[in-house]
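Dropping the structures in below, format is structure tokens.
Look for subunit A in each of the two complexes below; its partner is subunit B in the first and subunit C in the second.
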Partner chain A sequence: MSREIKTGQVAARCVRPAAFLTQYLAEMVGALLIQGAVNLFVVLVGFLCFGRYMTIPSASALPAFALCLILAVMLRLMMIDVFSLLCFFTTGYLGISWTRAALFDFFSGAMIPVALFPGWLKAIACCTPFPYMLQAPVAVLLGQDTLVGLPAVYGLQTVWILIFLGLHGLIYGLARRNLTIAGG
Partner chain B sequence: MINAQNLRKVYKINVKKSGLKGALGNLFHSEWMEKVAVGDLSFQMKEGSALACIGENGAGKSTLIKMMIGILTPTAGQIRVFGKDPRKAGHGYLRRIGVVFGQKTNLWTDIPVIESYQAVKTLYKLEEKVFRRNYDRVVELLSLQPLLSVPARKLSLGQRMRADIGMVFLHSPELLFLDEPTIGLDINVKHTIRTFLRQMNQETGTGIFLTSHDLDDIDEICDDAIVLSGGRLIYDGGLEQLKHRFVQDKMIQVVGKQEGDIHSRLPLAKIGAEGRVTKIVYPVREYSSAEVLAAVSACFAIEDITIEEPDIDEVVSRIFAGEGTA
Partner chain C sequence: MIRIFLEMKAQYIKTEMEYSANFWMMLFSGVLTRLVSMAAPFVIYSNLPDIAGWKRDEIYLILSFLFIAEGLCSVLFEGIWQMPAMVFDGKFDCILSRPVSPLFQVISYGMGLQGISVFLVGAVSLPVFLKRLDLFHPLGVVLSLFFVLCGTLLCMSIYLMGNCVVFWFDAGGRTTIPYTVSQVGQYARYPLEIYPNIMRFLLLFLVPYGFICVVPVEILRGSAAWTECFGVAGVSAVFFLVARAVFYRGIRHYESVGM
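Take a look at the complex of A and B:
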């Protein structure tokens, strides 16, 4: 979407009779379902080949994991959406994109599991939305420590989604009011 | 259908200084300048008509379209489309209009064209019967059948634009905004698109607001025109009247034997003969077409006669050269 904003292609979204956010989420969920099916296939093949060396999640963890995963995906999409909208106010999108990727990779546990962070850094990470996008669903699936407890994970995921929803409304409203599209 | 009153759009543009020193300075101190894209513009467009917006680059044509579709907020003045402010009319308004940007696509680029068309059906909540009727019509008239299974990103520019134009008619828009729809296309595709748009305008009564640098587009699709220069309106009226207002000479080409002295009848005309073909270029302010035809009839054994209509290219070049804009 950042690229669409910079090239002006975003205008096509603005003239469709559906909310900007709905369009974005529908497109992303559609893409993720296809990508998820491919990934699931790869994981199943991995399990068939190397399952005896891996931790098999317990079936009882799956319902809690499913809910946590859905909230995590929604949270991640909302976070990407809000960072992308910032491109309405900048001249480039690479800086914003790299900043978002760096924050996510570090604080979500994608590079180093959050459980291995020193206490103070773990506390900082828990105050950000990033662990609830990756570390939390993985921990729920594998029955590991979720850092804040499962009900709090759900609660924090929901709160962060609402915060990003609010930010979306604010930034999108500002962008529409002050939009400059010169040169066609 | 469209009513604009004293419409004005001013952009604030950040003035960047050059060089490393300038770039560092820009971090701490920004200078802004104002650019008037559209200045106090008033015009109306009738229901079902085809109106061309003519203007050089930077005249404010695209800005005007974006205000009319509700993307940009006017700095001052007001605009009403179907009696409502496009900014506040919401999705109901967007369902009544269609928009084509020549330099952008409304298709979803990664999926086949037919999937984009199906998405439009869902998005606009179209009944199967309506969708099927419109779909069959655009596929036939724009020869889209071979393109339907191809993802938009793999289409050539001409194919993509045909698919884009087809898509915008699926929801039976009452008013269409076309921003340079034939830019970069070859002559065959341009002809297909112009013929299709004209046909849809006449058969379905779809209103067309067109901006284009291709004056043949304007000539073939539109009846009326507004001319913008530097964001201001310098003409609002019929296309034919526009041509006649700015054209100084017309030409008649006669095939046949000359039997009388045409010079004496039309002393201010320039006359050149080549074999049996005589070209007469006459000033329209001095002679009416009837006078010229009477003179030609008296002086030639006419086998064939062609009256060349004023060319819109010539008209626009005269307008922007500042001739006859009073």
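Take a look at the complex of A and C:
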């Protein structure tokens, strides 16, 4: 979406008879399904090659994990959406994209598990939405400590989704109020 | 030529500063991404006493050399990353039609704003960690400047070779190969002893990020002989010559797609 904003192609998205957010979510979910299938294949190959070094998740954890994963994916999509909308004000997307990636990689546990963080840094991480996008689902699947407890994980994921929904409405409203399309 | 090069960079930065929100966002993202990179060793060392005998400050010194090389490459040679787009949309025709070296034109094209802040983070952290490791003496400073010079040349050569792939495999103005190469190189943020032999070979001779940051710190801390400075210079020179040859070979393979 950020590229569309930069090139002006976002104008077409704005005039379509469907909500801006609905279009974005539909597009992202479609792309994610394909990406998810590819990633699943890579994971399966990984298990076949290095399965003896890996932890096999317990089947009893799957229902709790499935809900946590769905909320995590929704949360991640909303976060990307809100960061992308900021491109309406910056005219560039690389800085925003790198900032988002840096924050996500570190605080989500993608770089180093949040469980290894020192106490004060762990507390800061838990106050951000990022651990609930990756660290929490993985911890639920493997039956490890979720840092805040499973009900709180679900609650915080939902709260952060609602916060990002609110931010989407606010930022998109501001952008549409004084929108100048460049290019297109 | 150098005056023209600097004049072009000055014009690019003026253009970028016209879009002030984006300008500051790019600088901020450069600082943030590098601070996050430095936070990773901080977390690791809060759980481990050392990594293969290396202290935390030595890891930060490795990162400092890497940041300076990457930052300078981004500021000075950003045009290399624009090559795939130039080839795809036909702008490379203009490069070939001007009576100036195509390589000079490519490297002087554009400017990576985030490179300014990446360079600054490295330029601040390098003397700090040299001092903390008792290496802030005339020889240490001279060697560091030499390693920065070689590292920047090597970094540019790696980027150039990676992006030259576009002359043979066009992928719609974007190619992930140079990005992947750069990501592989990021493994050289840690001592090479922790990796298996094949990975060490990869990081020293195929994607030689090891010579940008790890080998210089090995020489400075005394775990490698000072004569390895010749190795650093030699690898940098050889990779630059190979990258230059690949670039001109690629041009011979270039087919215009029209404007």
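Here, the second predicted complex is superposed on the first by the 181 of 184 C-alpha atoms of A that agree within 3 Å, B and C clash if a C-alpha of one lies under 4 Å from a C-alpha of the other, contacts with A are read in each partner's own complex, and residues count from 1 in each chain.
The working rule: a residue touches a chain if its C-beta (ideal position, glycine included) is under 8 Å from a C-beta of that chain, and two chains touch if they have at least 3 such contacts.
Because the structure is a prediction, the values reported are computed rather than measured.
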Considering only touches as defined above, state whether A:A102 meets subunit B (first), subunit C (second), both or neither. second
Pick one for A:Q35: touches subunit B only (first), subunit C only (second), both, or neither. neither
By the touch definition at the top of the document, which applies to A:P17: first (subunit B), second (subunit C), both, or neither? first
I'd like to know which partner A:T55 touches here: subunit B for first, subunit C for second, both or neither. neither
Answer with first, second, both or neither: which of subunit B and subunit C does A:G92 touch in the superposed model? second
In the overlaid three-chain picture, which partner chain does A:I112 touch, first (subunit B) or second (subunit C), both, or neither? second
Complex contacts: residues of subunit A adjacent to subunit C: 89-92, 94-96, 98-99, 101-103, 105-106, 111-112, 116-118, 121
Would you mind writing out the residues of subunit A in touch with subunit B in their complex? 7-9, 11-12, 14-18, 27, 176-177, 179-184
For a test of understanding, state which residues of subunit B touch subunit A in their complex under the given definition. 11-13, 35, 37, 58, 62-63, 66, 69-73, 91-92, 94-95, 97, 99, 101, 103-106, 108, 123-124, 179-180
State the interface residues of subunit C toward subunit A in the complex, per the touch definition above. 19, 21-22, 25-30, 32-33, 36, 39-40, 43-44, 46-47, 113-114
